[in-house]
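In what follows, chain A forms one complex with chain B and a second complex with chain C.
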Partner chain A sequence: MIEAYRRMRDLVGAEVLGLLAFLVIVVIAFSLATPRFLTGENFGSIAFQLPELGLLTLAMLVPILSGGLNLAITYTANFCGLTLAWILQVHGGVDAGFGAFLLGCAAALAVGATAGLIMGLVIAYVGAHPILVSLAMMIFIRGLGEFLTRGGDISGFPDFIRPIGHGSVLGFPIPLLIFLVAAAIWYIMLQRTRHGFSTYMLGSNLEATRYSGIPTRRTITLIYTLSGLMCAVAGIVMVARFNSVRVGHGDAYLLITVLACFLGGVDPFGGFGRVLPVAIALLILQVLSSGLNLIGANQHLSTAVWGLFLIAVMVIRFGWQRLALRR
Partner chain B sequence: MFKRFAAPLLGAAVIAASLATAAVAQDKPTMGVVVKIGGIPWFNAMEVGIKEQGDAMGMDAFMVGPTSADPALQVRAIEDLIAKGVDVIGVVPNDANAIEPVLEKARAAGIKVVTHESPAQKNVDWNFEMASSKGFGEAHAKMLAEAMGGKGSYAVYVGSLTVPLHNEWADYAIAYLKDNYPDMKLIGDRYGVAESVDDSRKTALDLIAANPDLTGFLAFGSQGPIGIGRALEETRKVGEIAVYGPFSPGQGRQLVKEGAISGGFMWNPMEAGRVFVRVGDMLVKGEAITDGTTIEGLGEVHPDGTNIIVDALIPINKDTVDGLADLGL
Partner chain C sequence: MTGADRDAAGTGVAAPAVSFARVSKAFGGVRALSDVSFEVLPGEVHCIAGENGSGKSTLIKIITGVYQPDPGAEMSYFGRRVDSVTPAVARGLGINVIWQDLALFPQMTVAENIAFGDILGSRPRLVHRRQMRAKAERVLDRLGVSLDLDARLNTLSIAERQIVAICRTLVGDARLVFMDEPTASLTHSETQSLLAIVRKLSADGVSIVFVSHRLAEVLAISSRVTVLRDGRKVGVYDTEGMTQSRLTELMTGKTFDAEVISGDRSAERAVLEVSGLCRAGEYEDIDLTIRAGEVVGLTGLIGAGRTELGLSLFGMTRPERGAVRLNGEPVSFRSNRDAIAAGVAYVSEDRLTLGLVQPQSIADNVVLPVLGKIVNGLDLISTGKKNDLVSRWIRELNVKVGRPEDPVSTLSGGNQQRIVLAKWLATEPKLLILDSPTVGVDVGARAGLFAIVRQLAAEGLAILLISDEVPEVYFNADRIIHMAGGRFIASYDPRALSLAAVEKAVYA
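On to the complex of A and B.
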């Protein structure tokens, strides 16, 4: 038994096991509280709700790993969505063809990457703090979006994009599949590539990394460009899910993505953190939120529970580290 | 080691579980109403109406108020209601288009859908309005014309030039005055300041100074009448200039009593909450709503497509303001 536990721990890490244990406890608690929890509908609902937040969290994860932050993620995502929506509108709105959609996606990805690139260049070459730069970018993108749309929304898209937000393949929701693919790419990027290694090094110690001959400026620029690219993917999924875009959609997600990263054991000062625990942390947050909704708890209470949960995890982690040191 | 880690987590989970109330009884019909945002007076009043009427009709009716007025959060709340397996979903949408796909999903799952304040909504069984744009605009215009004696100049505020509803109200009010009171003159076009007390006050001061024959204001936007009322007090014009428009009774109570705000109309969110449950109940029982059906709170209705639009306006004036303010509005 203990041997099996050790092997598991070596395979996926103690962090993941702890989070999984908590997930199991939460699921058991809610299934005792309401018979509606352990149902296909509820898991379907969770699976459809997770991806858009998940994609944004991935966009937030990489800058945090490098010791920075990207506060512009939600507005970048919406701005990319607006780009897609605008190209669909130009090509006939509801009657737009699949070609227009592909073109729109390409443009959305380009816009996201550009927004990230600009942020990355400013952070890398001007040396301004990522919080300031991304905050400025957030305000700029939001203002530009509000100006271009006059604060309204763009809607009326061809029917074939709807499955991207609401369809299923073999019982798996398509947005979830998109998220899983994106998470897998992020995992490979962080664990198996030179850029991923540089990202962790940068987050641990910028100066030491520079002296060791890693092109830190190029790496930082690439980090934010990739973050912007992931925002664009989130933006495209949100267009399909909401059937409309406005700069303000999902602005409540911004801080939740930071929360999910920290819950997943990412070091707030950068350098440490992995994709898998973050994905499990996201799942826990979603299960908590859906479960509380299911038992009819006040929405404001669910925010409070998330906060309580974060504090509890920090306290436990602190205690655990002390324990590990004493041994 | 593992146990030591799990124990405190178990404690946290027990907290979560203790927050969980008993399972919802499945034998009576359930209805969840997702509103724009929770925790503000308007929707608190609506929640009271939903709960009371639900108790009265033997329906398990409750309100879900997202923590911010974000359409994305409404979509999530509706997804969770579908998972919960409610019989009826009610929505006061932040964005009619954003919730359209998820409402389609709800209806595919056999759930009835009722919306409020969303006349262009697709994928609904019924949408009800307690005020038509025409009725609301004209009701204010009529009061203003009577107060001004059908002559003199007036100015019109809207919340912002991009709020479609406010501008529709203003359109109907101005058209009505133009047709019925040719001696009344509109100053300027319309001023998009009525979402800010301060801007409304400053604009009113400027307009009063520049137009000696100005004797009336129409302000569509909740802060407009308040700002104008304050400007009238400053310039000692209370009683000389009429101010009509919808506003929050609690906020404007004092100004109404002093006569700085002449009055306005609103609809009752608590009644809207009750109507949600009544319409939901009719849908569950399969009762048809046709031309001439009477629904308590709406009166005799004349549905147009899926829209039920009535003018269930209640006046805000010296006599009613205290009662409305005491409801927390």
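On to the complex of A and C.
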């Protein structure tokens, strides 16, 4: 038993095991509380809700690893969604063709990457603080979006994009598959590429990394560009899920992505953190909120529970480290 | 010897400032101190010498009440026996420590920093600005130094901050001050003025306990030295008649024969050729040739432009005029990446913030400059290649590491410096620039580092050794260049001149 635990721990890390244990406890608790929790329907709805938040969290993860932050993620995603919606509308709205959709997606990805690129360039070459730069970008994008849409929403899309938000392949929701593919790409990027390696190193010590011959400015620029690109993917999925886009849609996700990163053991000061624990943390948050919803708790209460949960995790982590030090 | 000191030592009237006997301390199963005795006389400048891990800090922490010694220890302060001490009690007795990081408040003014501790306990709990300034002023006068009382601390030089830290202890009527590596980041002349202040305090009757890696200073400033090794006391020695090499022997238990290794390499192929290199305000008219297998020592006081020249050769800054040739090819580096690609490696004097990414693992630090060598055909990092490279260099440089996945910060100074060397050697350099490579490295570990440097030179590497410690370049370089005010002002041959002659020329 202990041997099996050790092998598991060496394979995935103590962090992941701890979070999985948490997940199991939460699932068991809700299953006992309500019979409607442990149902395919409930897990189906979790699987459809998780990806939006998940994709945005991936967009947040990489800047945090580099010792920064991207506060513009939700509005970048919004604006990318608007870009796609606008192109669809120009090409006939409900009657738009598949070519228009592809064009719209490409434009959305380009817009997201550009927003990230601009932030990255300013942070890397001007040396401005990521919080200020991304905050400025967030306000800029929000204002521009509100100006262009006059505060209204764009809706009415062709039917064939519905499956991206609501369809399933072999029983797997398509949004979930998109998230899993994105997470896998992020995993490979962080663990196996030179860019990912440099991200961790410069997140711990920018100057020492630069002295070692890493092009730190180029790396930072790429970090924010990729973050913007991931926002665009999230924006596209959101368009398909809600069949309409509006500026400000999903802006409550912003702080929750930060929460999910820290819950997943990402160091707030940069340099440490992995994709898998963050993904599990996301799942825990989603399970918590749907479980609370099912037992009839107020939605605001579920936000409060998330906050409490994060505090509890930090206290437990502290205790665990003390224990590990004593041994 | 000072007046107070002579009085204490000569007549034996004054009781020792501290007198500890049979002090032992174990942490878990590790014995940090075994049966150590320690005594400081009033007004004495006493030094504790020992390598890292010899128990110096533990001893200081016991005397200042941070740690409790294991039962059986006898402690007395100023002739009074005590059973146990807390930090507050020790401070009340006039025992103070200035740690290496100084623990000052960078955003507050000089006056606030000096008077802070004194205000803390006072009642009513109000801050009297005028009183505070007056207090600070009195203490500065006592030391005979002038500092702007309203200057924020972060605008001061390290040397000036050091003085503020000393003043802070004096406000609280310190009678014994421990100073932990006070000169580690000071220039030669700053060190001299700090030592002058220490002498002044000692003449005033304040005892000073000095901890320093720089043995020359230890011998210059203190009257007695307590040597610790592996948690045991080796002995207490008068510094009169003591030599650096004898002290090193006592600290490490080994003998190191310092021999001039200088040789004539003028027949070898030139690796680096620099002519007429200038960068305004940093260095001027630099002509320098380093040949294969040659170690060129570059010395001079801090601020002479040594590090600036090194940084330009490493591509971090661009020279304004002049030419650099590497292996006969003209080179002009746009960044340090160009320099690394061309075969230049630079070991920074600041290992903590520039040399290594401290919180990350040993393995990751070794491969950082050579990521291109550990990727597979798809440009993805190959764990196998990475492990091979790391274990090869750890073996080659004989680094004592637990696991390569441990943070590099868990290593000792000497082993960290070996990791820095490993990461640069992995880039297969032709020219290795070592900028003050022994800062914060134990005496014993230094010898090991230089053995590696000599081995590398023997393999044909060209080495530029920058150091402000003349003995270091004297015993490890083929020839010595003296830099001052941004220019090369003299060149010395260790075979033709004595160490004392070179030291006199550089430090004069």
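Everything below uses one rule, namely that the second predicted complex is superposed on the first by the 327 of 327 C-alpha atoms of A that agree within 3 Å, B and C clash if a C-alpha of one lies under 4 Å from a C-alpha of the other, contacts with A are read in each partner's own complex, and residues count from 1 in each chain.
The rule is short, and it goes like this: a contact is a pair of C-beta atoms (placed from the backbone, for glycine too) under 8 Å apart; a residue touches a chain by one contact, two chains touch by 3 or more.
The model shown is predicted, which means the values in this text are computed figures rather than measured ones.
Of the two partner chains placed by the overlay, only chain B lies in contact with A:W320; chain C stays clear of it. In the superposed model, A:R192 lies in contact with chain C only, and not with chain B. Judged by the touch definition given at the top, the superposed model places A:A110 against neither chain B nor chain C. In the superposition on chain A, A:S45 makes contact with chain B only, not with chain C. Shared-chain residue A:S212: touches chain C; no touch with chain B. By the document's definition of touching, neither partner reaches A:A136: not chain B, not chain C. Judged by the number of chain A residues each one touches, B leads among chain B and chain C. Of the two partner chains, neither chain B nor chain C is touched by A:L276. With the contact threshold set out at the top, not one residue of chain A is in contact with chain B in one structure and with chain C in the other.
Those residues of chain B lying in contact with chain A across their complex are 1-2, 4-6, 8-10, 12-17, 19-24, 38-39, 62, 64-68, 70-73, 75-77, 79-85, 95, 97-102, 105, 109, 162. Residues 5, 14, 17-18, 21-22, 25-26, 28-30, 32-36, 39, 41-42, 44-46, 48-49, 52, 150-153, 155-156, 162, 165-166, 238, 241-244, 246, 248-253, 288-301, 303, 305, 308-309, 312, 315-316, 319-320, 323 of chain A are the ones touching chain B in the complex.
Residue ranges of chain C in contact with chain A, taken from their complex: 316, 335-337, 340, 346, 348, 353-360, 364, 368-369, 371-372, 375, 379-381, 423, 427. Partner chain C is touched in their complex by these residues of chain A: 188, 191-194, 197-198, 200-201, 204-205, 207-215, 271-272.
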